[in-house]
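Next up: some structures, all given as structure tokens.
Across the two complexes that follow, chain A remains constant while its partner is chain B and subsequently chain C.
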Partner chain A sequence: MTISRNARLLLASLLGVGLAFIYIPLSVVIINSFNASKTFSWPPSHFTTIWWSKALENTGVRQALKWSVFAGLSATAIALVLGTCLAFAVSRYKFFGREVISLLVVLPISLPGVVTGIALNSAFTKQLGMSTGLLTVVIGHATFCIVIVYNNAIARLRRMGTTLQEASMDLGANGITTFRLITLPNLASALFAGGLLAFGLSFDEIVVTTFTAGPGIQTLPIWIYNNLFRPNQAPIVNVVAATLVVLSVIPIYLSQRLSQDSTTGGRF
Partner chain B sequence: MLHSLSTYLHKKPRLRLVALLTTPVLWLVIAYLGALAMLLVTAFFTIDSFTGNVIQQFNLGNFHDMLTDAAYKNVVLRTLGIAISVTFLCTVLAIPMAFYMAKIARPKSQKILVALVLTPLWASYLVKIYAWRTMLEPGNGVLDWLLGPIGIHSPGFGGPAIIIGLSYLWLPYMILPIYAGLERLPNNLLDASGDLGAHNFYTFRKVILPLIFPSLVAGSMFTFSLSLGDYITAQIIGGKLQMLGNVVYQNFSINLPFAATIAMIPVSIMALYLYLVRRTGALASM
Partner chain C sequence: MSKTVIVSIKGLSRSFGDVRAVAGVDLDIQEGEFITLLGPSGSGKTTVLRMIAGFEKPDAGTIELAGIDVSQLPPYERDVNTVFQDYALFPHMNVISNIEYGLKVKGVAKQECTTRALEALRQVRLEGYGERKPSQLSGGQRQRVALARALVNRPSVLLLDEPLGALDLKLREQMQIELKQLQREVGITFIFVTHDQEEALTMSDRIAVFNNGKIEQLGTPREIYENPVSAFVSEFVGQTNKLTIAGKNINIRPESISVSQSTGAGNQSLSGVLQDIIFVGAITRYLVHTSSGVVISVNPIGDLNVGDAVMLSWDKEKEFLVH
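Moving on, here comes the complex of A and B:
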């Protein structure tokens, strides 16, 4: 299409405005973590690295980070197993209720987090008589992470087809060998991408976590939330926030290098 | 041993299927569907006003309270208004960005632009809203400092702030499907339209827009549904303004049945929205 020079310029400037809208607030977070003023008046007049060293020593942040990583890894591990099983079942077999399963699996992420949160909380504490803690956080997170792994795995399985497996079986490999040597290596990058997304989702989740975490458990988002309105904690919150912004580059880099088909979040 | 198990399973595809399905389906049904069904049932219970315990007696009192109290009607309308505004704002921002990325940018910068749009998805939700608190702070916020000289001032904390914050959060979810839709759109369709004498904007309205409609619908499912149930953004930058999620959150600890009743509103709106989307046929062509 011949797009006039003016239209190109207009579109380019709109893209610039959009990117500025996306990146200015994130830059402000990073700059503020070096702001020497304790009230974070803007624009900053002096800069300091003292908040960074204070944040590193903060035991609350460290403990929260440990809990977040533990919950994220456990939820991802469960989601990887359950999501892959479901993807195999739905893509390789025909059975009654197959459509229902594809609906069931997306439900936890489509409904508002607050609904999932109070449903899980009252089921855990009232119906099952469990007390909320780290275990309930993991169960909650795993439930909405399944769909991420499932979407990534099923897209790959559909594209792969079954010919390679059939060839392997024809050459005398049994089901387990075929899975180990043919199916899994072909599926691995999709599972890695799905696992990465699932971990990212769990690591960042706050709403369901609010309702499933016991009183003593603070994942990183919960820690940030609890300290957001405490003026004397603001410098530490800024540093944690800046760190999270900077770290968000890593998964993008990994997923871009890894594959073309699943960088969009496994949701499209 | 492993070999004989493998051979045995190979002969029984149904058994394999059952083995694959049992655990994940049990998990989803027990841990999720069960909890959700119980919540739905709870919406029909009441609480003892003395002890605060839930009385398991079926009645429609909560629904009656919800439908007759004007305050709740306002919250519903406000939440809907916010969700629609967010979807609209995201669409308006996303279309030119996605168009430039898909049709004008060179392949190399295309990759970088996609990465630039994706990166904020990985930055923490709370951090992003927190960033907007710093941006919008009336008086000494970044927005006043940045745009004050040209006469634009921060709207402060409230409805407009919530709309900006939520649009900020969900914008990538709108850009990506539109970008994918535009990528699939063959260039020669646009050429043909131009050759037949259509102007850029006419081509956009008559050729591009109808063809990327399914992408818009896909994007709106995120922007609309995620806004509908949100309560944390309202807590941080909404001032005193309440959305449906806030009402659910506040009632959760004092009156669970009523919280459950209110929670059914966003769920029903979403169900209705999905139904309407299905009728337009946009989902089938996605």
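Moving on, here comes the complex of A and C:
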């Protein structure tokens, strides 16, 4: 398709404005985490890392970071196991209600977080009689992490087809050996990419977390939310926000790189 | 024949939904023979092969391998190996690991695995390619690796599912000869599936022609070609002229008919007009318009031009009947 010069200029500037709109505020947060002025006078006059060391010393921040990492890793681990199993069931076997299950698995990602949160909260506290805590956060996060892993795994399984497994069995390997030596190695990069993405999502999730975390549990996003309007915490909030940005972006960037690599390294 | 039967198929049937893919196949395959299952797509030949390999379970019937019914056993408990149409090489392993795979999972010692894999690699003339990944090989090379990966296990039967289909014509013809030589060398029974009649005629000791899930004819390439039992076989294997002379239907191959301006040497003849001359390399086809339609001949006598009044001539013994 050819576009006129003027149209191209217009589109390019629109793109520029759109990207600037998203990324300038984000960079301000990161720059301010190094801003020596406590009131964030702009432009920053001095560079400092004092807020970073203060944040590191802050026990609330450290505890929140631990809880976030723990919740992210646990939810990702659950999602990897269940998501892979589901992908296998849906792609390799024909059974009654297969399409419905496929839809039901993917649905949570599009459900409003506030609804999922309220529903889970009520299920945990009223129906199951559990008290909310770290465990309920992990389960809540797992509901949408599964979707990511499932989608990645099923796409790879469909592209792999079944002949590699048939070839392995033909050569004398039983089902378990075939899974270990053939299926899993060819699935690994898709699972890794899915796992990174799932961790990234869990790490910055706030809505479902709000409803499923117990009163004593603060993940990093919740810590930010709770400390946002305390004036003396503001510099540290910037540091935590910057950390959150970096730690969420890296897994997503890596996962995208991995999925790209694996599209060219398909089957033969 | 004094040879022993290695594969014995009795009453084999398999349906997919409403479609009867295989509808009662009986077939005895001799040890060490090169047999081809030939037929158009959907004729059931591949399904038969997949049932011998163990990827599909038959609805009815038995498959005996060396006297033992294996039709209910999983693929990994059958002493057969398959060369797949798309080769199905493991993309995350190099060539040597691909070839060693079957030996490794059966618990053969590492040393012996490597020795036998290198030997198999030599057999398919790919020495020095062991460290490459399948993605770094050409189609023909992948095909050889797939062959080595299957043969290294020394199965009692090797199954080949249209293995030459993805290769270009020149390479395919070369591989046909190589495969046949390799089969004589290793002495393993080959069951070869193809829809290419020329390939079947070139390579096979015997051909089973499939149609609608059944074997229509079983015989040597010469028997199939010279005495096809049905209209389907005569049309699927080679070209056939169908003539009606004096109210009688006869069939005759193009190479059995000569075309000339005078009466030819045969004891049967038919007059016509030369409609077209088609040059196809090694042979030239002469299309003659006659009272019973267009007849093809590939044996011209003398100089002929389009539009000439010509005489077709053949021996009555070369005619064949079909049902």
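Side notes on the structure shown:
Quick note on the criterion: the second predicted complex is superposed on the first by the 245 of 268 C-alpha atoms of A that agree within 3 Å, B and C clash if a C-alpha of one lies under 4 Å from a C-alpha of the other, contacts with A are read in each partner's own complex, and residues count from 1 in each chain.
We take it that a residue touches a chain if its C-beta (ideal position, glycine included) is under 8 Å from a C-beta of that chain, and two chains touch if they have at least 3 such contacts.
Values in this document were obtained by computation on a predicted structure and should not be read as measured data.
By the document's definition of touching, neither partner reaches A:Asn232: not chain B, not chain C.
Of the two partner chains, chain B is the only one touched by A:Ile101; chain C is not. By the document's definition of touching, of the two partners only chain C reaches A:Pro185; chain B does not.
In the superposition on chain A, contact is made by A:Thr163 with chain C only, not with chain B. Look at A:Ser45: by the touch rule set out above, it reaches neither chain B nor chain C. With both complexes placed on chain A, chain A has more residues touched by B than by the other of chain B and chain C. By the document's definition of touching, both partners, chain B and chain C, reach A:Asn174.
Shared contact residues of chain A with chain B and chain C: 174, 177, 265, 267-268.
The touching residues of chain C, when paired with chain A in their complex, are 53-55, 74-76, 80-82, 84, 86-92, 101-102, 105-106, 134-135, 142, 149-150, 153.
Looking at the complex, you find that chain A touches chain B at residues 1-4, 7-8, 10-12, 14-15, 18-19, 21-26, 28-29, 32, 40-43, 81-83, 85-86, 88-89, 93, 95, 101, 104-105, 107-108, 110-116, 118-124, 126-127, 139, 142-143, 146, 174-177, 200, 204, 206-207, 211, 220-221, 224-225, 228, 237, 241, 244-245, 247-249, 251-252, 256, 263-265, 267-268. Against chain C, the residues of chain A that register as touching in their complex are 163-164, 166-174, 177, 181-182, 185-186, 265-268. In the complex of the two chains, the chain B residues touching chain A come out as 2-3, 5-7, 9-10, 13, 16-17, 20-21, 23-25, 27-29, 31-36, 38-39, 42, 54, 93-94, 96-97, 99-101, 103-104, 111, 113-128, 130-132, 134-135, 137, 140-142, 145-146, 168, 171-173, 175-177, 180, 187, 190-191, 193-194, 200, 203, 218, 222, 225-226, 228-232, 236, 245, 248-249, 252, 256, 259-260, 263, 266-267, 270.
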